[in-house]
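Look at the two complexes coming up: chain A is in both, with chain B in one and chain C in the other.
Right after this comes the complex of A and B.
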C-alpha cells in the first residue's frame, strides 16, 4: 500500500486491445512524486528516440498526484504528457475539473495509452471494470455533446475527458475537454488521443485513498482551507477569476493586440473582468476541492449559448489579439474551440497571424476562401475556427501551428509568427518585459506562461532591466511552480491568494508519509526540468540555443501604439538573458545540461 | 440547529463532500458524503445543493433505533445499530439519507459536524437555528 496514491499504473495497449495493471513503483513515487513527474519519467524512459508523435510508438500518459482527490485546496489537477505533434518536443498539459479525483478513487496513478486502435473506441473505467468500448457513433461529434450523452446515460458521478472533431482530424493543437469547459489544452495532447482513435475516457472510482496519518492529514487540510478563506484577495479573485488581470495587462502593455503587434488595445475596456462579470457570468465554477474558483460560467444572450469562461488567456488570444472587443463574441469563439476540441491560445495565435498576413497582402481573399480576414472581423474568426478544426481551406494550413504555417508561406511571415519551439505564445506581450520574455523562451513546452509567470516581477524590479536577479527568479519559479502539477494540485491558491506555501508541507507528509520541504520539492522540480530538456535534445538533432529564441517581433518591432509604444528588448539583451540563464542553470552555452549538473542532481544513471 | 445551503453560491468543487466523508468515515471519498451537489450543465449552468434539515423523519421509522441525537442536537446514524433495512431512505424529503451497501455497511446522514462549512470557500453553507 502506497500512502497517498491510487497504487496502480494502468496500461492500455490500443493496437491489441490489451489492458493491464502494474503496481506503482515506490521508488518512482519517491523520486518523481506523481503528476507531471510521472509523465516526464514515462515519456523519457518509454517513448523511443525518434518516435513519430502521431505514430504507434508515442504514448499519452495521464497522471494524478498525491493531492488529487484529497482534502487539499485545488486537488483537482491532472497531467497529460506526450511527445508533442505541435513542437516535436515535450508536451505536458494540465487539466482541472474532477477527472483526476476519480482516477485516484479508481486506484490509478497513471493511465498510459499505447499503440493505435484500429477503430474509434472509448475507455471505460469503473474501479476494476476496465474496458475498451466501441465509439463509432460518437466519432465526429462535438466534445460538449459527447460529455452530456455520457452523463445523461451514466450519471453525474462519472467523469468524462473527450476530444472533439479537431482531435479526430489531427489538428496539431487539439485539446482534451472535460467538465464542460476544462481542458488539457496545450501541445496537441488531444491530437495524440485522436490519432490513437480514443474518443473519450469515462471514469468512476469508489475507493478511498490510504493516507499515512489520518488525523494529521485532516488538520493540515483544514489549516490550508482556513488560510485560503482568510485571504484578503479571496472575494475579488472569486468574483473575477483570471480576468482580474485583463485590465492590468492592458494598462501595462502586456495585452496581446492584433497578433502581438502591441500590448494595449483601444477596444480593451469592454473585455475587462468587471464588464464580463456584469454582462455574461452566471455561476462560479470550481475544480475539485477549490475554495477560490476561477472558473466563470457564462451565458451570452446575443449568441444564445452557455460556456465556461472565457478566462484571461482566451480573452487575450481571441479578443484583443484578433482586434475583437466584444466579450460575447469571445465567449462564442471559446465555445467553438471547446466543442470542436482545439486550444484557444494556439488557435487565437494562428488566426491572428493569418489576419496579419491578410492585412499585409500576403494573403488575398483567394487564399482565405473569400473571408475578409481583417482584424476585428468577428464572423471571419468564427468561420476560421471551424475551418481549422475541420482542416478546410486556409484552416488546414493554420491547423499546423504558426511555426510550420509561416515556414510554408514565407514572405517575412516567420517574423510575426509568435511562438517559441513551435508552441504559440500565450497571452502576455513581451516587447518590454524581460523576465517574462526569458520565461517564455525557456519554458519546457514552448511559449507557455504557467511555468514561470514572471511578468509582475518585471514591473517590480524595472521591466527593461536585464539583470541576473530576473533570471534567478524565473529559474526559481520554473523549479517551484510545476511542483503543483507534480503533486496533482493547483498553484493558484499560492499565486493569487498568497497563502503560506509551508502549509502544504505537513499535508504532503501526512498523506504520503514522506517529509518533503520546499527545498526538497524544488530539487525534484529541477531534476524534472533537466530531464525534459534532455528529451527535447534527444528528439531534435539540431536542438540548441536557436530553439530558445523568441519571435523576432519582440526584439525588432517596437509597438507603434499603446503604453509600450516605441519600447523593445534589444537582440543583444535577448542573448544576454539566455547566457545568464544557461549559466545559472549549469548548462552549456548551447543550452545543454552539463554532465557535472546531471551528476549533482543524481541523474547521470537515469539519463545514461 | 441545522445546515443551510445557498445553491447560487456553490461552485461545485466538492470540498464539502470530501470533508464530510472524512468526518463520517475517516475516508476521502465524496461518494460517502451526506450532502449532495447536483450539477446542471451545460444548461442551465447552475449547481443545486441538497442538505439535511434535521426533520427527524428518518429516526421516526428506524426499526432498530439506530438514528439518535448527538450532543450537537443532530440526528445521526449509530453505525453499529443500523441493519441496512433502508426504511429511512424514502422518508427523507431532501433525498440526503444514504445507503449504498457496496460502499459502507451502514446508512448515513449529516451529523452536523460543520466541517463542510469550514472548507467552503464561497460561503454557500452555514449552520443556524
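Right after this comes the complex of A and C.
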C-alpha cells in the first residue's frame, strides 16, 4: 500500500485493445512523486528515441499526484504528457476540474495510452470496470456536446475528458476539454489523443485513498483551507480570477497587441476584468476542492452563448493580440476553440501571425479564402478558428503552428512568428521584460508562462536589467513552481492568495508518510527539469542554443505605440541572459546538462 | 483628513511590515503609493471601500484602500 496514491498504473494498448494494470513502483513515487514527474519519467524511459509524435510508439501519459482528490486546496490537477506534435519535444499540459480526483478514487496514478486504435473509441473507467467502447457516433462532434451527452446519460459524478474535431483532424495544437471549460491545452496533447482515435476518457472511482496519518492530514488540510479563507484578497481574486492582471498588463506594456508588435492596446479598457465581470460574467466556477474559484462563467447576449471564461490568456491572445476589443467576441472565440478542441493561445498566435501577413501584403484575399484578415476583424477571426480546426484553406497551414507555417511562407514572416521551440508564446509581451523573456526562452515545453511567471520580478528589480539575480529567480521558479504540477495541486493559492508554501509540507508528510521540505522538492524539480532537457536533445539532433532563442521581434523591432514604445532587449543582452542561465544551471554553453551536473543530481544511471 | 491603506502581503515590507498605514486624503492613489515608496506599476488592483478603482482615484476621508500587488507570485 502506497500512502497518498491510487496504487496502480493503467496501460491501454489501443492497437491490440489490451488493458492491463501494474502496481505503482514505490521508488517511482519516491523519486518523481507523481503528476508531471511521473509523466516525464515514463516519456523518457518508454517512448523510444525518434518516435513519431503521431505514430504508434508515442504515448499519452495522464498522471495524478499525492494532492489530487485530497483535502488540500486546489487538489484538482493532473498532468498530460506526451512527445509534442507541435514542437517535437517534451509536452506537458496541466488540467484542472475534477478528472484527477476520480482517477485517484479509481486507484489510478497514471493512465498510459499506447499504440493506435483501428477505430474511434472511448475509454470507460469505473473502478475495476475498464473498457474500450465504440465511439463511431461521437466522432466529429464538438467536445462540449460530447461531454454533455455523457453526463446526461451517466450522471454528474462521471468525469469526462474529450477531444473535439481539431484533435481528430490532427491540428498540431489540439486540446483536451473537460468540465465544459477546462483544458489540457498546450503542446498538442489533444492531437496525440486524436491520432490514437480516443475520443474521450470517462471516469468514476469510488475508493478511498490510504493516508499515512489521518489526524495530521485533517489538521494540515484544515490549516491550508483556513489560510485561504482568511487571505485578505480572496474576494478580489474570486471576483475577477486571472483577469485581475489584464489592466495591469496593459498598463505595464505586457499585453500582447496585434501579434506582439506592442504591449499596450488602445482598445484594452473594454477587455479589463471589472468590465468583463459587469458585462458578461454570471457566476464563479472552481475545480475540485478549490476555496478561491478563478473560473468565470459568462453569458454573451450578443452572440447568444454561455462559456467558461475567458481567462486572461485567452483575452490577451484572442483579444488584444488580434486587435479585438469586444469581450463578447473574445468569449465567442473562446467557446469555438473549446468546442472544436484547439488551444486558444496557439490559435490566437497563429491568427495574429496570419493577420500580420495579410496587413503586410504577404497574404492577399486569394490566400485567405476571401477573408479580409485585418486586425480587429471579428468575423474573420471566427471563421479562421473554424478553418483551423477543420484544416480548411488557410486554416490547414495555420494548424501546423507558426514555426512551421512561417517557414513555408518565408518572406520575412519567420521574424514575426512568435514562438520558442515551436510553441507559440503565451500572453505576456517581452520587448522589455528580461526575466520573463529568459523564462519563455528556457521553459521546458516552449514559450509558456506557467513554469516561471517572472514578469512581476522585472517590475520589482528594473525591467531592462540583465543581472544574474533575475536568472536565478527564473531558475528557482522553474524548479519550484512546477512542483504543484508534480503534486497534483494548483499553484494559484500560493501565487494569488499568498499562502505560505511551508503549510503544504505537513500535508505532504501526513498524506504520503514521507517528509519533504521545499528544499527537497526543489531538488526533485531540478531533476525533472534536467530530464526533460535531455529528452529535447535526444529527440532533436540539432538541439542546442539556437532552440532557446526568442522571436526576433523582441530584440529587433521596438514597439511604435504604447507604454513600451521604442523599448527593446538588445541581442547582446539576450545572449548574455542565456550565458548566465546555462552557467547557473550547470549546463554547457550549448545548453546541455554536463555529466557533473547529472552526477550531482543522482541522475547518471537514469539517463545512461 | 486621513484614510487607511491596506497593501497585500508582499507589499508590507514597504510600510515597515505593518498591516495598514494611515494616508492623507486629497491625493490620488498613485501619488500616495509613490510617497510610500511603493512603485505604482507593481499594483494590479486598487479596491476602495469594496469597489475597484483606477490608480488616479482621489482618496476621500475615511476611505479604506486595498492595494493588490502581483509581486508575491511568480
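In the analysis below, the second predicted complex is superposed on the first by the 608 of 608 C-alpha atoms of A that agree within 3 Å, B and C clash if a C-alpha of one lies under 4 Å from a C-alpha of the other, contacts with A are read in each partner's own complex, and residues count from 1 in each chain.
Just so it is clear, contacts are C-beta pairs under 8 Å (C-beta built on N, C-alpha and C of every residue); 3 or more make two chains touch, one makes a residue touch a chain.
Please read these numbers as outputs of a predicted model, since none were measured by experiment.
**Student:** Of the partners chain B and chain C, which touch A:293 in the superposed model: first, second, both, neither?
**Tutor:** first
**Student:** By the touch definition at the top of the document, which applies to A:105: first (chain B), second (chain C), both, or neither?
**Tutor:** Touch status of A:105: first partner only.
**Student:** Under the stated touch criterion, name the partner, chain B or chain C, that contacts more residues in chain A.
**Tutor:** B
**Student:** Just to be sure I read the superposition right, which of the two partners does A:461 touch: chain B = first, chain C = second, or both, or neither?
**Tutor:** Neither partner.
**Student:** Going by the contact rule set out at the top, does A:233 touch chain B (first), chain C (second), both, or neither?
**Tutor:** second
**Student:** Is A:494 touching anything from chain B or chain C once the two structures are fitted on A? First, second, both or neither.
**Tutor:** Second partner only, chain C.
**Student:** Determine, under the contact definition given at the top, whether A:136 touches first (chain B), second (chain C), both, or neither.
**Tutor:** In the superposed model, A:136 contacts neither chain B nor chain C.
**Student:** In the superposed arrangement, does A:69 touch chain B (first), chain C (second), both or neither?
**Tutor:** first
**Student:** Quick check on the superposed pair: does A:571 touch chain B, chain C, both, or neither? Answer first, second, both or neither.
**Tutor:** Once the two structures are laid over each other on A, A:571 reaches no partner at all.
**Student:** Would you mind listing the overlap between the chain B footprint and the chain C footprint on chain A?
**Tutor:** None.
**Student:** List the residues on chain A that touch chain B in their complex, please.
**Tutor:** Those in contact with chain B are residues 69-71, 73, 76, 98, 101, 105, 144, 148, 156-157, 179-180, 206-209, 211, 214, 218, 221-222, 225-226, 228-229, 234, 238, 282-293, 295, 297, 299, 306-307.
**Student:** If you look only at chain C, which of its residues touch chain A in the complex?
**Tutor:** 6, 8-10, 39, 41-45, 47, 52, 66, 68, 70-74
**Student:** Per the contact definition, I'd like the list of chain A residues that touch chain C in the complex.
**Tutor:** 232-233, 236, 240, 244-245, 247-248, 251-252, 274, 452-454, 456-457, 459-460, 473, 477, 481, 494-496, 498
**Student:** With touch defined as at the start, can you tell me which chain B residues reach chain A in the complex?
**Tutor:** 8-9, 11-15, 18-19, 21-22, 25-32, 38-39, 41-47, 102-103, 115, 118-122
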